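Here come two complexes built around chain A, the first alongside chain B, the second alongside chain C.
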Partner chain A sequence: MTDTSAYIKIDNVSRHYGPVKALHNLSIDIAKHEFIAILGPSGSGKSTLLRLIAGLDRPSEGRIFFKGQDVTALPPHKRGIGMVFQEFLLFPHRTVRENLAFPLRMTQETPAKIKDRLDWAEGILSLNGLMDRYPNQLSGGQQQRVALGRGLVTNPTLLLLDEPLANLDRELRQEMEVEIRRYQKQLGIPFIYVTHNQEEALSMSDRVAVINKGKLEALGERQEIYDHPNTPFVARFVGRATRFDGVSDGTTVNIPEHGYTFSPSAPVAAGRVSVFVKNERFALGASGTPGIACKVIDVVLRGPFVEFILEAANKARIIAVQPKRPDMHAIGAEIALTWDANLAHIFPAEA
Partner chain B sequence: MDSMSLKDFAAKWTMGLILITAYVFLYMPIVHILFASLSNHPNFPYPPNFNPKSYVNLATNSIYQSAFVNSLIIASCTAVLSTVMGFLATIGVLRFAGKRALFYAVFFAGPLFVSEILLGISSMSLYYLVFGLQGNMVTAIIANSVHCFSFCFLIMAAMLYKYDWRMNEAAIVCGATPFRAFLEVMLPLTWSGIMGSLIVAFVLALNGLDISFYLLGATPTMPSVAWGALRYGVKPELYALSTIINAAVFLAIIVLFLKARNTKTAPV
Partner chain C sequence: MSEPNAAARKRVFLYIPTTFLVLFFVLPLVALVVLSFWQTANYKIVRDWTTLNYVTLATESAYIIFFLRSLLMAILVSVFLVVVAWPIAFFIVRFGGRYKLIFSLLLAVPFLSGEVLRLIALQGMLGPTGLINGALMRLGAAPLRFIMYSNSATFIAFVYLYLPMTVTTIYLSLLNFDLRLASAASACGAGRLRVFSEVIWPLNLSGTMIGFLLSFIPTLSASLAPRFLGGPNGTLYGMSMAQQFGESGTWALGAAMGVVLVLFSIAALVILSLGVNLRRTGFTGMER
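Take a look at the complex of A and B:
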């Protein structure tokens, strides 16, 4: 017997297109108040998963449950969900008001209820004065809010978001990240947020599911995923990290290409290993001290922090991120690159 | 400065003159019919005068009336039938044909290149041999639809090619049934293409002589009566009828134009 007590339960779901396995035996339980990000590169199957949850596509195997009820065979218009698309897909021939009222009309709400919900959406999404405009008269951010509103007016069981910020510029995106998270906390329904952008996933969600090649690579609290990746893929994909090929003798790890040896906190099985170090966890010591001898070839200012583009003796490029300080290394400086052995992630080398 | 403004002036008036010439070229025959229908001397109606006699005759001439009604029925039914078929074909090609879309599209457009006379003769003998059907209004509508289908398909394919099918999905996740999504979202967004297809099919079937001629025999339609009239001398009633049809078409165009202008704030 499967336990169907989770608010949303995705139970061993697969989706095959002929011989192509878009999704493979994937299970996720989602709690009612949870913001979950589904993170993966393009073609990983994350959008397929979203379409399966929406009902726009059917799984080849496995079941999907909403509040304990099996919805696997239920068509999308009966699932009571909201969805926000990357291109917003607002109805261009209808005003903002009509766009927002559309899902309410489809669920046969009374005019009084519709008006009530429209007022609610207008207030919470700051759409005052925009209700009688057409979508093409709105800015990207305003269209985004209307798309969110259309997904939320019916008090859906859950909201699905398919890369909704990909078409917005950077500043607006960061603003909307905070806003979307605030709505989720306010409404108390799960948001399932699909993205290939690890920054979005980390900034908004409670938990992150990392998907690669149709398989669930990792599922956990965002901190956990970031600090303790369980596979080389997660270590590489979440956060910005640098990979080194190393050789372990059981207690120490040597990186032959840079002639650097360090002692990890826990013993590592002997053999070839991959070492991942997050870019902000590098330490830049004075030249001559132990470490990988590097030269600073460029410095990129990113406001509160700085990216040092380093070049090692073998011409390999390494990026180290440091907080911005007045006395930082200048272009051309010689330094020694090291890292805290506890914070490096070490995996047996991939074949 | 003076020469500059003179040049602008000349350019403006030349353009205006070209525009007027173009309109005269397009509308002279139509205006001529109007004059002829109202004249005491239909063969040379200049200077124009006003004599409603031909309209009165028209109202009492049963041949012209039944020809008009028949043509209207054929044109309306053909427009609807070929547009519905063309719409389904377009959806099939754009949504489900995948890599073979062009292949299917070419064969849907193929009948465009078959001459109308051949289609008329062939349909006449085919319907008789295979189905035992004598030429009648139904076979005329079917044969006309074969001819109009390709035009309808091309017009709507050009329109629906740009349509984002995920609009339907967006409506469906909002709780709309697929049919409701089609009715409330897809249809209004592709209406101009469907309208264009209806109009073109209607006009083609209304004016098409050959197909109706071979399939209808003695049943009069507008083009067949007009063609017959040519042989025995054109009657002013024909001019009157043409004028009425032209007036109706202009009225329709003006209504469409005003409607399009009113919805300009919501371009689709």
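Take a look at the complex of A and C:
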């Protein structure tokens, strides 16, 4: 017997399109109150997973449970979900009010209940004065809020969000990130948020599921995923990291191309290894001290952070991110690049 | 610098189609209207202003019957075509994949032969010794009388002639329709029927209307199909009009009939476009 006690249980689900395995034996348990991000590059199968949870597609194998009930064979309209799409997909021929009322009409709510829920949505999403407009008369952020409202008016079991911020500009996106997370905490239902943008995933979610090539690469607390990636893919994909090819003798790791050796805190199996260092974890020492000798060839200001574009002796480019300080290295400066050996992620080299 | 140039260019682009329309649409129409208020006697035009032609059309039962028959035929054909064309167009768009274009081009294949040829081919299919009845009789069954030289035969011909038009217009409408809106409706709790009636149908209504009119208007004024297939009780208004200009030589009466057809076609267009709130069909070209 499968344990179906989790609020949402995705149990060993696969989806094959002919010989193409879009998803492969994937299991995730999601608790009520949880904001979970499904992070993966395009074509990783993350949108397929979302469609399976929504019921817009059926798994080839495996089962999906909502609150202990098997919903695998149920069509979307019988699952009690809310969904927000990347392009918003508001009904262009309906006003905001009608768009928001649509899911309520589908569940045959009474007019009084519909009015009640519309007032609730209007208030919580600050849509005052917009209710009788058509979607093309709204700004991107307003459309986004209507789309969220349409997903939430029915008090769904869970809300699925398919890259809902991809079409917004950066400033608005950051604003919406905070807002969406606030709604989730307020409503106490799971939000399942699909994105290829790791910043969004990390900024909003409680847990992150990293998907690559149809397989679950990692599932864990966002901090954990960021600080202790368990596979080379996660190390490369979450956060910005630089990869070095190294050789381990068991206690020290040598990076031949830069002639640099360091001693990781834990022993590493001997052999060829891949070393990943997050860009913000590089230390820039004075030229001449131990480290990889580099020259600063450009400096990119990113508000509170600075990106140093470095060039090593072998012409390899490395990007180091540092907090902005008044006395930072200038273009052309010679420096020695090092890192805290404890913070490097070391994996046996991939074939 | 380029301001006056652009304005001039814009004007040229407007003048060309305007001139074309005036020359080949407005002027002949005016001529038709003028002729409809004259008379013909002994194959000669008599330039006396009179409304006699219209009185004839409004009072003689034969013309009234022809007109009502045409109107009914046009409505039935167009409604039937919309009903049949929708699923065809939908399945091409939904499941046609990369063969979509080929399917839609196949729809145009009948146009490679002329209308007369296609009608004669149909005559061969539906006639007393045609393919269908011939085969039935060979099998010892009774022939289907209703498809021989009857209004049913004309109906079949109209459906056959205009199906490609209706399918193509609905196909083009659906092609521009974002099918993911159907997924969105589905995720909002709509069953298949509601997805269709609340989202897919209204958002393709203007395309459907055009498809409807593209079969309605030519059916209303058709003359060839009833002549080839209609039989003794199958005279339609357009066919009768063609006879006024041909055998009977009563051009003025024919012109009046033409005016009636134009007016009713315009009326159909107006009724349909007033009945459709463009906003409600997702039309976003307003206020821009």
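Everything below uses one rule, namely that the second predicted complex is superposed on the first by the 351 of 351 C-alpha atoms of A that agree within 3 Å, B and C clash if a C-alpha of one lies under 4 Å from a C-alpha of the other, contacts with A are read in each partner's own complex, and residues count from 1 in each chain.
By definition in this document, a residue touches a chain if its C-beta (ideal position, glycine included) is under 8 Å from a C-beta of that chain, and two chains touch if they have at least 3 such contacts.
If you're wondering where the values come from, they're calculated on a predicted model, not measured in any experiment.
A.B. asks: Assess the superposed three-chain arrangement around chain A: do chain B and chain C clash, or do they fit?
C.D. replies: clash
A.B. asks: Just to be sure I read the superposition right, which of the two partners does A:Y17 touch: chain B = first, chain C = second, or both, or neither?
C.D. replies: A:Y17 sits against neither chain B nor chain C.
A.B. asks: Once the structures are superposed on A, label A:F91 by its partner contacts, choosing first (chain B), second (chain C), both or neither.
C.D. replies: both
A.B. asks: Examine A:F305 and indicate which partner it touches, taking first as chain B and second as chain C; both and neither are also allowed.
C.D. replies: neither
A.B. asks: Can you list the residues of chain A that meet both chain B and chain C?
C.D. replies: Common to the two interfaces on chain A: residues 54, 56, 75-77, 81-83, 85, 87, 89, 91-93, 102-103, 106-107, 134, 136, 150, 154, 160.
A.B. asks: Using the touch rule from the top, collect the residues of chain A that touch chain B in their complex.
C.D. replies: It is residues 54-56, 75-83, 85, 87, 89, 91-93, 95, 102-103, 106-107, 134, 136, 150, 154, 160 of chain A that touch chain B.
A.B. asks: Would you mind writing out the residues of chain C in touch with chain A in their complex?
C.D. replies: On the chain C side, the touching residues are 178, 180-181, 183-191, 194, 198-199, 202-203, 279-282, 284, 287.
A.B. asks: Using the touch definition up top, name the residues of chain B that touch chain A in the complex.
C.D. replies: For this pair, the touching residues of chain B are 164, 166-167, 169-178, 180, 184-185, 188-189, 265-268.
A.B. asks: Using the touch definition up top, name the residues of chain A that touch chain C in the complex.
C.D. replies: Listed in rising order, the residues of chain A that touch chain C are 54, 56, 75-77, 81-83, 85, 87, 89, 91-93, 102-103, 106-107, 134, 136-137, 150, 154, 160.
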